[in-house]
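Heads up, the next two complexes both have chain A, just with different partners, chain B and then chain C.
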Partner chain A sequence: MKRNLFSFILFLFVLQQANGQLYYTKNGSISFFSKSPLQDIEADNNQVISVLNIQSGQIEFSLLNNAFHFPKAKMEEDFNENYIESDTYPRSSFKGTLININKVDFTKDGNYPVMVKGDLTIHGITKNITANGAIIISKATISAYSSFTVFVKDYDIKIPTIVSNKISEKIQIKINCSYQKK
Partner chain B sequence: MRKKLLINIILFTIMAFSTVAFIGFIIWNKPHRNIKDATAVEINAVDLYRALSHDSTKTKSLFVNKIVAVIGKVKQIQKNREGAQVILLQTHIPDASVNCTMEENSTKIKAGDTIEIKGICIGYISTDEDLGLPGDVFLTRCYTTF
Partner chain C sequence: MRFPPILAIIALSSLSSAAFAQDSTELLRELIHESEINKTNYIENTFKYTRVVDGHSIVNLPAHVLDVRISHRFDPINSGLYNFLGLDAAVMRLGFDYGITNNIMIGAGHSVYQKTYDAFFKIRLLKQSTGEVNMPLSLSFVPTIAINTLKQFNAEKTLFSDRVSWVMQLLIAKKFSEKFSLQLMPTFIHADKISFAHVDLNIAAIGFAATRRISKRLNINGEYYYRLNDNGSAAHNVLSFGIDLGTGGHVFQLHFTNSIGMTEKSFISETTNQWEDGNILFGFNISRVFQLKKKHY
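On to the complex of A and B.
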């Protein structure tokens, strides 16, 4: 009985320690940009959930594709119905690790370059990617930034032939999240 | 006679092209949905959260991508990275909310107020369960109605 109680208390302690390292946001920002001859395409999603474990460097992002907001309603409609197919693939996510998390001093203000590696899932296709980014510590607030490029063909996103010369194959993705302690 | 026919064909072609171009222009520039004046599905925050956090296709089709008017108690008011106000409405789970990104920032709303928010329901999302962070139901392009 005493042994069981001890195990339970130890479990709670470990759980609390693990939670103490977790930071999260539910209103992170991810945007994308695509240069095209007809009109540049850009959209923002400010409803991104992200969790960062500052001890292990594990980092996750999840978003709903239909939360991307475009300047034009028609662009938004085409993105959801024809390209990303939001009804079939409602969610995009990334699950990975900040490789050099040990270089970040979370107790000291600064801009720390980091490298992140993990699995990016878009349109039901998962690819392993590596990207550069930065962790910024300012007045005890942790923020994460990154910018990287993906190719639509890697995620089986089909662009209709009629507009294929107007839409770039290359999409630049930008991440900007500010975390709070869990 | 042939000259007249040729002129008519040219005029018809120009008119056809102009019509197609005009329709294309109208479609390309059609405005976003008018949230303020639209009819909304009315529901309270707890019920909306319960309905969408369970993965049911039927309940999703009732709310996702629809304009909803959600009544709830304000838990917290935040700002996102773009400076837009985010109002969190309480649910039956302490760390979970109906997360509403506002079109207009208001200084009158405070935590504890019961308000109605009208906006587009995006859906429910969470991270992996092992991280112990419950998901939120998200609303975007929101306005307060009272």
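On to the complex of A and C.
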């Protein structure tokens, strides 16, 4: 009985600890760039939801595609209607792990390079990707940065020939999230 | 109920790692749910463009967007091969529309037909939505004014007020699915005195419009206006079918209709051609939008 009680308390303790490792944000920022001969397109989304477990290194992102804002209304409409198809695929997400999380000292300010590996889901298609990034600890605030490139054809997004010199096949994605403790 | 402590620790450690794995995903799910619970999702693209064929659709131009529209109507197809199935002759309307806000747009244009100048407002009153605010349909108000500037034989007897007509329209639209939307258009027309021999100058009509999405860049539209009075005049009800073709930059709307006029008063109350006689006109609109001011967000 005593042993069971001990186990139970230990279990609660471990569970408590597990919760203590979780950080989140509801207004992370993800932007993307398309550079092509005729026009550059930049879109921002500042309502990204992300969760980071600083012990296991598990990191997840989820965003609403129609929360990307473009400089031109027509671009935003085309993006939602013709390319990302927001009505059918409302969200894009990422679920992965910071491989070298143990190199990050969360108690000490600094810029820690990290590598993230996981599944990126866009337009209903999931691909395993690896990207470089950084965890920045500054005055007890945890921020995550990353920049990587995806190819639209990997996610079954077709760009008609007629606009192929206006939209790049290669899209650069930038991530910037500041986390708070759960 | 007794088991060795080592087993308990193994069980615990596996449990706790399970807790890790579950917790971040669960927290994410919780946060997503939280972000969606008090949100209103507005229904966009009930129709593809701001016009169905001749008449207005529920769609407004976004704020600070200028739309340059050039519309053509050719002669009736049954005018024969000598007339190249009507394509030898055309009337056109040049128009400029502008989105003041996302819910208020204005427009003005000039038509060759009866040398008409026209201007309109399109004001959105309700927008179909789900979620926190659940609105089953969209509603807009469209007042239009048109001035026939054709030279009159008895010019000195024609007052300016005799040339002016105006139209009040309500657009009631509902998107039923990604592929299908319907629109009702109760319409009141005050016709001018010089364009047409009306029995009643004040004409009520009800319009019906539908759109069917075929692919990302192709829609099929239909539009019909039923006049409730002015039955003694030579006018017939207007019926039009068209397709919307997006090309990435320009938008083409190709259609078949029995009307030659492209302003509300003319196509609703002064259409003299009839489908059953084969007096069908081919026509097309070309539209190109320009973002005049960058969006703020």
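Quick note on the criterion: the second predicted complex is superposed on the first by the 168 of 182 C-alpha atoms of A that agree within 3 Å, B and C clash if a C-alpha of one lies under 4 Å from a C-alpha of the other, contacts with A are read in each partner's own complex, and residues count from 1 in each chain.
Just so it is clear, a contact is a pair of C-beta atoms (placed from the backbone, for glycine too) under 8 Å apart; a residue touches a chain by one contact, two chains touch by 3 or more.
Note that the structure is a prediction, hence the values are computed from the model and not measured.
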| item | value |
| --- | --- |
| Side-by-side fit of chain B and chain C on chain A, or clash | clash |
| Touching partner for A:51 - first (chain B), second (chain C), both, neither | both |
| Chain B versus chain C, judged by how many residues of chain A each one touches | C |
| Touched partner set for A:73, first chain B, second chain C, both or neither | both |
| First, second, both or neither for A:89, with chain B first and chain C second | neither |
| First, second, both or neither for A:62, with chain B first and chain C second | both |
| Contacts of A:178 with chain B and chain C, given as first, second, both or neither | first |
| Chain B versus chain C as contact partner of A:112, first or second or both or neither | neither |
| Contacts of A:28 with chain B and chain C, given as first, second, both or neither | first |
| From 1-9, 37-45 or 253-261, the chain C stretch with C-alpha clashes against chain B | 37-45 |
| Chain C-contacting residues of chain A that also contact chain B | 19, 22, 24, 26, 44, 47, 49-51, 60, 62, 69, 72-74, 76, 91, 95, 182 |
| Chain A - residues contacting chain C, complex | 1, 3-4, 6-7, 10-11, 14-15, 17-19, 21-22, 24, 26, 44, 47, 49-53, 55-56, 58-60, 62, 69-74, 76-78, 80-82, 87-88, 91, 95, 160, 162-163, 166, 182 |
| Touching residues (chain side chain C, partner chain A) in the complex | 1-2, 5, 8-9, 12-13, 15-17, 19-21, 23-25, 27-28, 31-32, 34-35, 44-45, 62-65, 99, 178, 216-217, 246-249, 289, 291, 294-295, 297 |
| In the complex with chain A, residue positions of chain B that touch it | 27-33, 64-65, 78, 80-82, 84, 86, 97, 99, 101, 122-123, 125-128, 131-133, 135-136, 138, 140-141 |
| Parts of chain A lying in touch with chain B, wherever the complex brings them together | 19, 22, 24, 26-29, 44, 46-47, 49-51, 60, 62-64, 66-67, 69, 72-74, 76, 90-91, 95, 176-178, 182 |
